[in-house]
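Going by the order they are written in, the chains are A, B, C, D and E; count residues from 1 in each one.
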Amino acid sequence: MSTLVLLTLTGLGLGALYFLIASGLALIFGLMDVLNFAHGAFLTVSAYAAWRTAETVGGTGGLALAALVGTATGALLAIVVELVLIRRLYGRPREQILVTVGLSLAVPALVQAVWGADSRPFPVPDALSGTVGVLGAQVPVSRFVLIAAALLVLAAVNLFLSRTRYGLIVRAGVEDRAMVTALGIDVTRAFTLVFAIGGALAGLAGVLGGLYFGSLSPHQGTSLLVFAFVVVVIGGMGSIPGVALSALAVGLVQQYANYYVDGYGDFAVVVLLAAVVLARPAPRLAGGVA
Amino acid sequence: MSTNPEPNSPPSPAPSPAPNPAPPPILSVRDLRVRIGQSSILQGVGFDVAPTGTTALLGRNGVGKTTTVRAVLGLLPEEGEVTGGTVRLDGEDVTGHRTHTVVRRGVGYVPEDRGVFGSLTVAENLTLAERAGGPHHYDLVHDLFPELKARRAQRAGTLSGGQQQMVALARALLNDNRLVIVDEPTKGLAPRVVTEVAEVLQRAAERVPVLLVEQNLAVVRRLARDAVVLDAGRTVHTGDAAALLADRERTTSLLGVGRHERPERSGQQAGERPGEREQREHATKETT
Amino acid sequence: SSPGATASGDGGAKEVEVALITSTSGPLASYGEQYLQGFEAGLDHATGGTGRIDGVEIKVSRYDDGGDPAKGVSLAKKSAGRGVRIIAGTAASGVATQIAPVAAQNKILYISGPAATDALTGANKYTFRSGRQTFQDVATAQQILMKQEDGGDAEGGKGGKGKKVVVLAQDNAFGQANVAAVESVLGTGGTTVDSVLAPPSATDLTPTATKVKAAKPDMVFVAWAGDTAQSMWTTLDQQGVLDAATVVTGLDSRAGYPVFGKARDKVTLLAHYVPGAIDNPEAKAVEEYFGKKGWKTDLFTPDGFNAAQMVARAVREAGADGDTDAMVEALEGHTFAGIKGENTVRATDHALVQPMFQAEFDGDAPKVVLTVDAQGVAPTEKKIG
Amino acid sequence: MAPVLELSGLSWSVGAATIVDGIAMAVEEGEFVAVIGPNGAGKTSLFNLVSGITRPTAGTVRLDGADITGLPPHRRARRGLGRTFQSSSVFPTMTVAEHVALAARAAGAKRVAEDGEGVRAVLERVRLARRADDLAGGLSHGDKRKLELAVLLAPTLAQADSSPGGPRLMLLDEPMAGVAAEEVGELTDVIRTLHRTEGRTVLMVEHHMDILLGLADRVAVMHHGTLLATGTPDAVMADPTVQEAYVGEEL
Amino acid sequence: MTASPASSAARSAAPPSSGERPATTTGPAGPAGPAGPAARSARRWRGPAAPVAVLAALALLPYSALEIPVLLDGPVNSPGSLQLLALCLVFGGLALGYDLMFGRTGLLSFGHALYVAGGAYGTQLAMTELGLGLLPAIGLALAGGTAAAVLLGAVSLRGLALGGIGFAMVTLAFAQAGSIWVQRNPGGLTGGEEGLPLHTGAVPDALVGVQNTANVYWLALAYLALTAAVVWTAVSRPVGRVWQGIRDNEQRVSVLGYDPFRHKLGVFVLASALGVLGGAMHLLVTAGATPRSSTPEFTLTLLVMVVLGGSGTRWGPLIGGVLFTFLDQRLAVLASSDLVHGLPGILRAPLSEPMVVLGTLFVIAVYAAPGGIASIRRSLTWRRGEEAR
């Protein structure tokens, strides 16, 4: 019983981590049609920035500041990348993806060149490094922090999409950018904003990832990205609530399979992905030829 | 080209036909030149859009009508650029300005390909078109196109061709504008709707000047006061629309309409195919 | 148009080139760096600062394999093609196992570096090693276990027999090799050996820790590499595994010290090397050289140092023009002093028999609590080839 | 002999909305049927069902008596069904000539495909020869419409080949929309030839009644997804419901 | 994801005359259509002359003792240089095969590595486990790989219903599963993260040992030539046009009477088979099978090569593959050279990781390379609303 509770709660924590990473990815993909391979790189750099901050300040206050710095770093990085690279490539989704692929190769390598290949311990304050007993299971506190953060992010992103016109502008802009400007809308600003939010989410995920693992390394972000992709695809390509559900499913499936099916969590996730993709009805070509 | 009255020079700022001093034009295009990739598409387009009524922009396929309109709005494709000339909107030079700033000065635009956002709903398409500050004439739009009200929640991509055209028109009419530009608005619409759209535009033109690109000469006849004709990237004619359409010589040479009817031409055409006669009749019917 | 051999320079000024192939980029970059520093200091020591052995200049070229076997092989072949007859290095087992056959095909002396895989021992006639191998790690763990029993096991009654050892490792070649090694070393004499293999890419290790705990082991042998180490230790600690059993693991390099986090004091460490482990002339020389350079000795400093001693020996005995077989002969059975004590190249299979250590943390740095005799942890003998 | 095309109970709905509603219709060999109706009546949707782009939710489509309801578009094309699209649907990175060659080859008309002259002839016919080597992506709107027609025509020139010579049943979805008045006449001639001279069966949607009146043997009127009326052009045009719902007060 | 960047279509300036505009464009000249002057110049590189000349020059390299100071460490015919060049050629071929899907048909697969690794491990295991000789082993791997491609391709293409990303993700999932399998060293077969050294026992002596590097080089060249011949022939055949059509507008293709699914599956299988063969070559050239060849990153690298050189073009992918591999190898050497070690930290750090340089170079290439078809795409952005549907 306590094993099941433990697996479920930590599985939820894992799902929360996946959601935090996938939310920014899904936001950008859902709205901008850019599969952002650099998301992992944003995450890594932000995590390092947060680490530097937390190291210098220390304690729970340091961690809070680190979270801010990390999120800001992610946003800033995203803005720079959008302004300098992505912006010039609108209407060429493939090139946009390729640019982010290039970044995903170069940035972690650069981080490694600067801070070394070895993983670094992330200063986790004592308050967050213990466990809480739930029905006999010792559940790490950090898992609860992640679950809470994931719920907050879910609410915030939903609010952003439903309360502002930006979501609409960006979706329309992806379809026909010129036409949006022809309606008198400054579409570039909306794109930069959305990209920045995606970056900020990556940054936040980086910090919380540091908390989760208790360490950080140059390739952490990139290796988590594969799972984030899977989560986004299972979640229905860009729908935030869908992504939340799929993150949950992936986290639990992986955790259970790792315990009950002899460490086959990864395979279980791959199977889940294949099953979902193949079972999903093909979207009708209806009206496509109007 | 021989019929071209003023081959290359842009029309003089104050067109001569009207003896009384004309009010300043809302849109004034001078010697506009555009290159797309390596090809020169426009090589000196010039015309004025009067501050009231409808001005028609006419010409055969591929002469540069759409390109002209896009250049005015700063909407050329990425490898295209304006290489010369000026565009003035209400007296202010807007050449090379970014599209959204031009549009915010009060321009409504209905593009040739309708430009509806297929992944958004009808309502979302309209919401996007709402321009900050001004009133939004949903009543007018829903009155004109009740269909759109009924289909608010449908994805615009699944609308029929004609319904999409309605969305595009509705977006342009939603705001208070100083100029409305419509590129082939009646294309693909049922005859009844064509009439309705013509009426809509006529009503719109009472309040706001319209620049109309159109192939359907019946519509042009009904709406347009002035006409501008392009050929091969140049303005080849400007003047009164009714006069142009009445002048068969001119419509034939400038627009290629009614050519079939002229007996001397017909005699030159070898191997007339069956049915050609009826065809000419059709053409006549449309142009007269 | 055949590849020309340009091993030695012209006439009088003789030189022998050594190609150091190791990772200075990629995930194992820091191991590579330690190795190279060790080699430099070692060569300085062996040549008395001249860079020459009996007048023969040792020319060192460094290459980065990035942890990629394809690159490693390509570099090895390139060196072979240029007539280089000594290749040394690489921290990645995957690279080393693929360079070894290339060395054999081309009759080149290959002194493998930090790569720990047992497969290199006895791989072929031309392949040697300058570091420790997995077997020696495991054997050290056994020594530690035995020591603890001698010291009076509190649980009593159980004795050596009936004990249960669980190997916790990742489900990859490195992990599987450790399981095999533990089984062959400890699995005899009534001890049961079980293993819990975690998926290498697992993000959350709670299921793994739960399984270890459920197995109720007396001793847990942890063989872990990679970025999830910190997470793994935290999880083991949180799930109470560290309190329920003796947990033994290998000490990593300096950068890895903080990895244990709060678990640090609950873990028994076996060590290939601990900085400052022993005090002999070689260690002093290295400290001095490193001090000048502003470097710090680390886990794989001995491997580089040893490689330099072995190169020096080979060149000294075989001379600048001597053939590879002569160098092989010079090394087989050779005993020399390194910074962790006395090393012996076992003639039969080229294993490097060397002392090992048990360590524990004293504040932030580990210190040696026990030196394990080289013979006590010598690998079982293999046949070459 | 079975009719070339026979639709029975053909329906298509999306969610709760029924877009095509129980269409039953037979088109005889060599017939020219015009399909008219208000915007959104379901004309394009009907073409999509016939050409296999969408699957009906009920009913059957028969081609030459054979049930083809479940066949994918390409299988239908090989049975002699060709169509144009209302929104020009071209390959932006291929030249105009390559379009024609590809289409000809699809129908097994190798000769047209490999023979520059054949390709040119097709393009001449729709007055697009001057753009033969241009990329289709850069064509003006009207020119794309002509290219649509050229693609459909491509295989028809290959009668000398052993192949059947292109589609026997052609679905034309507003082929004249956006074509300059000057060329409407010529394109109409092209379509007329296909029908009268070459004996092909044609179904055509067009909003310009005057074009249709000279061409069609029969007019089918669609409204809200159903078939409102069929009959000779004159009869249909005289029908007050049609006048009211579709034509309105003409300009 | 729809069309892709590709060759340049030069538009010549020609003032349009009234009514009849002269043809002003030359696309990637096709089989049909009369050739204008620009088309003729574009064809200069399409005849058999250029490939034959390049092939001959490459074949003669092992006879050249030329020293190229910065680029190569030793003379061209030294084993080190030949080894490097052979690896470059193998990647040139792999990239060319990959581009068949990516550049020619518009299929973005993240799972090509599965087939490359399949070729390498399959060949190796057929030799060690089944005791086959090299050729039968390659044949078996090829047969097995092709069969797998048919099966997995059919399933992956089903994912295409979700758009290009769906296909990318399903292929990624399969490759990921393969990669996990390889890294786990099941039954001690794959050697896990350490890989397997080439089983030289079953390989002809002429391909073993440094002194025989030239032979390995020629083998790699033969592979490249074969791949180029297959790819170039295929795309110049009618089927190549159909692939291009699928890339541009799949529905249109189906209405013309071509079965899009079969064509996509065909190109997938063909590319995969070339990948399997390339994997076998990789095994021989690098004298081992490495788990790296099974990872998604490996596929990404192929993608980078293809785009670097110019996807959808004749020579682009080949050049990209060769160039990338060359830089990758040489930069590693440069990074550990004294030259770099002497640099100030701010320069040394990025230069010490080849991926920093390569990744940056790639970004610049994507950004600055004036891909012809890409620029046409750009002009089409305006009409995307229509075409995307």
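Definition applied: a contact is a pair of C-beta atoms (placed from the backbone, for glycine too) under 8 Å apart; a residue touches a chain by one contact, two chains touch by 3 or more.
Computed from a predicted model, the values in this text were never measured in an experiment.
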item	value
From chain C, the most remote chain by mean C-alpha position	B
A-C compared against A-B, more contacting pairs	A-C
Centroid distance [mean C-alpha coordinates] between chain B and chain A, Å	47
Cα-centroid distance, chain B relative to chain D, in whole angstrom	28
Where chain B and chain C are represented by their mean Cα positions, the distance between them in whole Å	79
Whole-Å gap between the CA centroids of chain A and chain E	30
Sequence positions of chain D contacting 2 or more other chains	14, 44, 53, 85-87, 89, 138
Residues within chain A bordering two or more other chains	91, 109, 112-113, 175-176, 178-179, 266, 285-290
For chain C, residues contacting two or more additional chains	25, 171, 199, 201
Complex interface listing, chain D residues touching chain B	14, 36-44, 86-87, 138-143, 146, 174, 177-185, 188-189, 192-193, 196-197, 207-211, 213-214, 245-251
Touching residues on chain D, where the partner in the complex is chain E	51-53, 72-75, 77-78, 82-83, 85, 87-95, 97-98, 100-103, 105-107, 113-116, 119-120, 130-135, 137-138, 151
Chain A to chain C touching residues, read off their complex	3, 6-7, 10-11, 13-14, 17, 109, 112-113, 116-121, 129-131, 138, 140, 212-215, 217, 219-220, 223-224, 227, 254-255, 258-259, 263-266
Residue numbers on chain A that touch chain B, as the complex places them	91, 165, 168-169, 171-172, 175-176, 178-187, 286-288, 290
Chain E to chain A touching residues, read off their complex	1-5, 108, 155, 158-159, 161-163, 165-166, 168-170, 172-174, 176-177, 180, 251, 296, 300, 303-304, 307, 349-350, 352-360, 362-363, 366-367, 374, 377-378, 380-382, 384-385, 388-389
